[in-house]
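The structures come next, written out as structure tokens.
Consider the two complexes below, in which chain A is the common component and chain B and chain C are the respective partners.
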Partner chain A sequence: MPRTEFTPSIPSRPVYSGLSSHGSSSALMLAEGEGAEAILDLAAQDAAVMDRAHLIFIPAGTGHGPALRALGAKSYVEVPGFATALDRYRKALADAHMGTRLYVAGSEGMIGQAVAEALAAGLPADAIETEHRGGIARRMQCVHCKGITEGVTTDPFLCAHCGLTLFVRDHYSRRLGAFQGVCVDAETPGDVPAVQEIKP
Partner chain B sequence: MITQMLRVAAITPLSSYVTRFRFEHPEGAALPVFSGGAHVVVEMPDGAVLRRNSYSLISDPVDSSGYEIAVRREDAGRGGSRYMHSRLRLGDLLRVTVPVNLFSLDLRAKRHLMIAGGIGITPFLAQLKQIARLHAPFELHYAVRSRDEAAALPLLPDLPQVHLHVSDEGNRMDLGAVLAGQPLGTHVYTCGPEGLIDAVAETAARLGWPKGALHSEAFLSPPPGAPFDVTLARSGRKITVGPHQSLLEALEAAGVQPDWSCRGGACGRCETAVIRCDGHIEHHDHWLNDAEKASQTRIMPCVSRFSGADLALDL
Partner chain C sequence: MTLRFNDETFRGDYTFRNSPQAVRRFPFPFDQDSYMYSVNLELHKGGRAGSVFENRFDVDEHYVAEMRDREITLAEDPLRCQSLPHMELAGWDFLELVMTTKAEDYPDLFTLHRDGDRWHWINRPLNIEQRFTFLDATTLPCGPMEYITRQTQGDHALLDQRDGNLWMDAGMITSQADWSLDFDIGMNFFEWHAPVPKAHEMGVFQRALKFLLNLQQGAPVRRLNWTMTVNPRLDTSPENYHKWGPEKRTITPGNVGEKQFLRVELQTLWRLPRSNAIAFPIRCYLCSLEDIVTVPKWGRRLHRVLRDLPEELATYKGFAVNRPMIVDYLAQFDDGAETSPGIFPD
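Then we have the complex of A and B:
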């Protein structure tokens, strides 16, 4: 699956400009699902990028594991999801030094959470490379109840926590790694526009 | 620039070359507080010439009772530091701008790594006081050629985070060792000679540091050069810039008042559009990027000069 090109939007909306190699710098890599292909492309572009890389892979139903393992990263581990990767990932960030690069590829929800963790750990934004691959489901925060709904593919959608019908905004929180959802029928309750599929 | 007339309240030699000056309000009024890394421009009426030099503030940023600067005497310089050292007396009144900060701490940093070369220690003296209040982790490396050059040593806190490197005593600073293995969230601040700033940038790049974590400040003094003529396009007037005069000073002497702030090629305030350029602009600033410099359509009058047949500015 190729890199996703999103329609240009407001400055708040993250842009994932694709992975490009910083050579054999010490590196953390996090890939999810189709994001594996971005890492494979990166290694094909510059094999040295794997020399000092620690690679964590969340297969998400794909079979890219053996190909990623064969890249010869300094360490390679597969975990079932971001939540299970978190302890390992946080430890890797805590042990990292300035000069470490982070490469993240996969869905928006995973990229958003991984980048938010890295920024909170002190990794500068310009040390982070991101690439979007795979489905375009969004991780949404309800601005009313603050609950997070994962995997949102329609606009509007129902908040999984408070049940309000939320409008999908491009307004994004880097701290939370989530888009903002706002009640769509606050003025005239029940006046809900037709449900559409989210587009890139 | 907003200025205030201040009184010289103390003159304290710190070494053979460096003297500390303290300025206070003549009626004891509180001065605006500042943040670590801020500088003021001191105006020196030196005969027919009005000299203006930028100096980093070294006193406590929240102490509004006065401002302190440390000035190194440059005998081969343009005369500003000589004026400060030889002409200024206790009780004299001088015009001083309000503080401006082009070299502030990045408060998102988890750790501040400061690298000073010689008199480049000055902004860090104020930053250290700010950092002490923030309880932020830090590390300071102070590199000098000889112990005599380490004028600020008595002003530094006696803490294990403060490292003195004296090259003629055989412990020259090893930038690779200083920059390697720094934890995530470290920001680097460098102040000193251009060679040091370049060396930090090169070493950091080699170790994979992203540019956003690097900060530096160097005030340039306007370099001397051959005299040249400039046409002011709006009035059609022609002025001549003398060999030891900056273009900005020549404009001011001619009654033109371009906007300015640092007068050292760092802040960008005096950036001026070039209408015609038949010749070569000698860019000395840190403000314009390489493409802008090559295009010869902008000039920083505070430090840059010109050689050639014709230069017309949008003034």
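Then we have the complex of A and C:
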């Protein structure tokens, strides 16, 4: 899957500029699903980027594991999901030295959480590179119950926690790594517009 | 002027009322017969006697009731008040600003004694007396920003300044026009304004930010912003939108004058001395249409502004659905006469 091209959007939405090599400096890499291809492209561009890389991969049903392992990162591990990657990822962020680069590639929800963690750990924003690959599902925070619903592909959608029908507001929080969901029928309960697929 | 504080509510039975004096001093936000966004900042260095601009932090007849309403909102949702860890110093800065200015501007209501870092604060309207050590948070019942903003009308955001931007890193937000502190905390100036239509393209935020980054201590600035609210409700938060939303559809031609309120925010911005943060109080004033039209100039002008407002702005401000009824109601108070420049009654 190629890099996702998004339509021009609001200023709070992050821009995923794509991965580009910073040579053989110390690197932490986190890839999810089709994001593996962004890492493969990065290594093809400059093999030295893998020399001191710690690569964490969340397959998300894809078969990219063997190809990634073959890149010869200093450390390579596969984990079943972001939640299970979290302790290892946080440890790697805490261990990072000045000059460590972070490369993140995959879905928007995963990138959002990974970048929020990295910023909270004190990594400077300009040490982080991101590339969006794969589906365009959104990670949504319900503004009412504060619950996060993952993988939202329609507008409106049901909050997985409180059950309200929410519309997808084009407003993004880096701290939460999520878009905002707001009750769509607050003024006229039960009057819900037709469900549409979310566009990139 | 001796203030009498109203016993009134901003929810449920909505007993909120403006006295005739409060209507006369309402900060009517339109200085001409049309409206478009602008960086309408001016120095906040006092204003006409008796107006809401006269004192640095205006205290009016709604003070005690507004603080009671804030307490209810916070009890239901403590996330309305948040402060990221690096913002405590800015909280102390703001506490100092409010206490010193209120004690100077309203000596009959507030008193502050300072003996080095040992402070003694007396707030008579709220029956509060507190001795504490300045810059020692363990001597207050809660953090300094929460402490003082539970005693100060208006919402309050504290903006950190770094990397050539402003960051909304702390706030007490219980009377907001449909934005969420819990969602927006940690955002920069452009991010938290992202949902505002048109203004980005007009360059409004770029110019405003440039100005604010250079804001100087002792030279606070102010601007007015406005929207429309059905019922005198302070908590028009997105958090509770599914609870107050249905009220927006209760407007009829018969009750629009009484139930539809013009909601005006007096926004002021203050550079803080120790933290170099900016304090951003957003003070909310409500006035029903039937009270507005008791000032003939305002009735005429509000009719023209709302009638001619671009649909996009009416939608963003959330009253597009009621606009026809509002404009019809106001039309009967517009005889076509010319209006004088400026916001004050003739």
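Miscellaneous remarks
The definition used in the following text is that the second predicted complex is superposed on the first by the 200 of 200 C-alpha atoms of A that agree within 3 Å, B and C clash if a C-alpha of one lies under 4 Å from a C-alpha of the other, contacts with A are read in each partner's own complex, and residues count from 1 in each chain.
To be clear about the criterion, a contact is a pair of C-beta atoms (placed from the backbone, for glycine too) under 8 Å apart; a residue touches a chain by one contact, two chains touch by 3 or more.
None of these values were measured; they are calculated from a predicted model.
In the superposed pair of complexes, A:Asp126 makes contact with chain B only, with no contact to chain C. In the overlay built on the shared chain, the residue A:Arg3 is in contact with neither chain B nor chain C. By the touch criterion stated above, A:His161 is placed in contact with neither chain B nor chain C.
Touching more residues of chain A than its counterpart among chain B and chain C is C.
When both complexes are overlaid on chain A, the residue A:Arg69 reaches neither chain B nor chain C.
In the superposition on chain A, contact of A:Arg90 is made with neither chain B nor chain C. In the superposition on chain A, A:Ser25 makes contact with chain B only, while chain C stays out of contact range. Within chain A, no residue touches chain B in one complex and chain C in the other. Chain A makes touch with chain B in their complex at residues 22, 25-26, 93-94, 96-101, 121-127.
Chain B meets chain A in the complex at residues 109-111, 179-186, 207-213. Of all residues in chain C, those touching chain A in their complex are 79, 180, 182-187, 190-195, 200, 238-242, 245-246, 248-249, 321. Those residues of chain A that touch chain C in the shared complex are 10-13, 141, 143-144, 146, 164, 169-176, 180, 182-183, 186-189.
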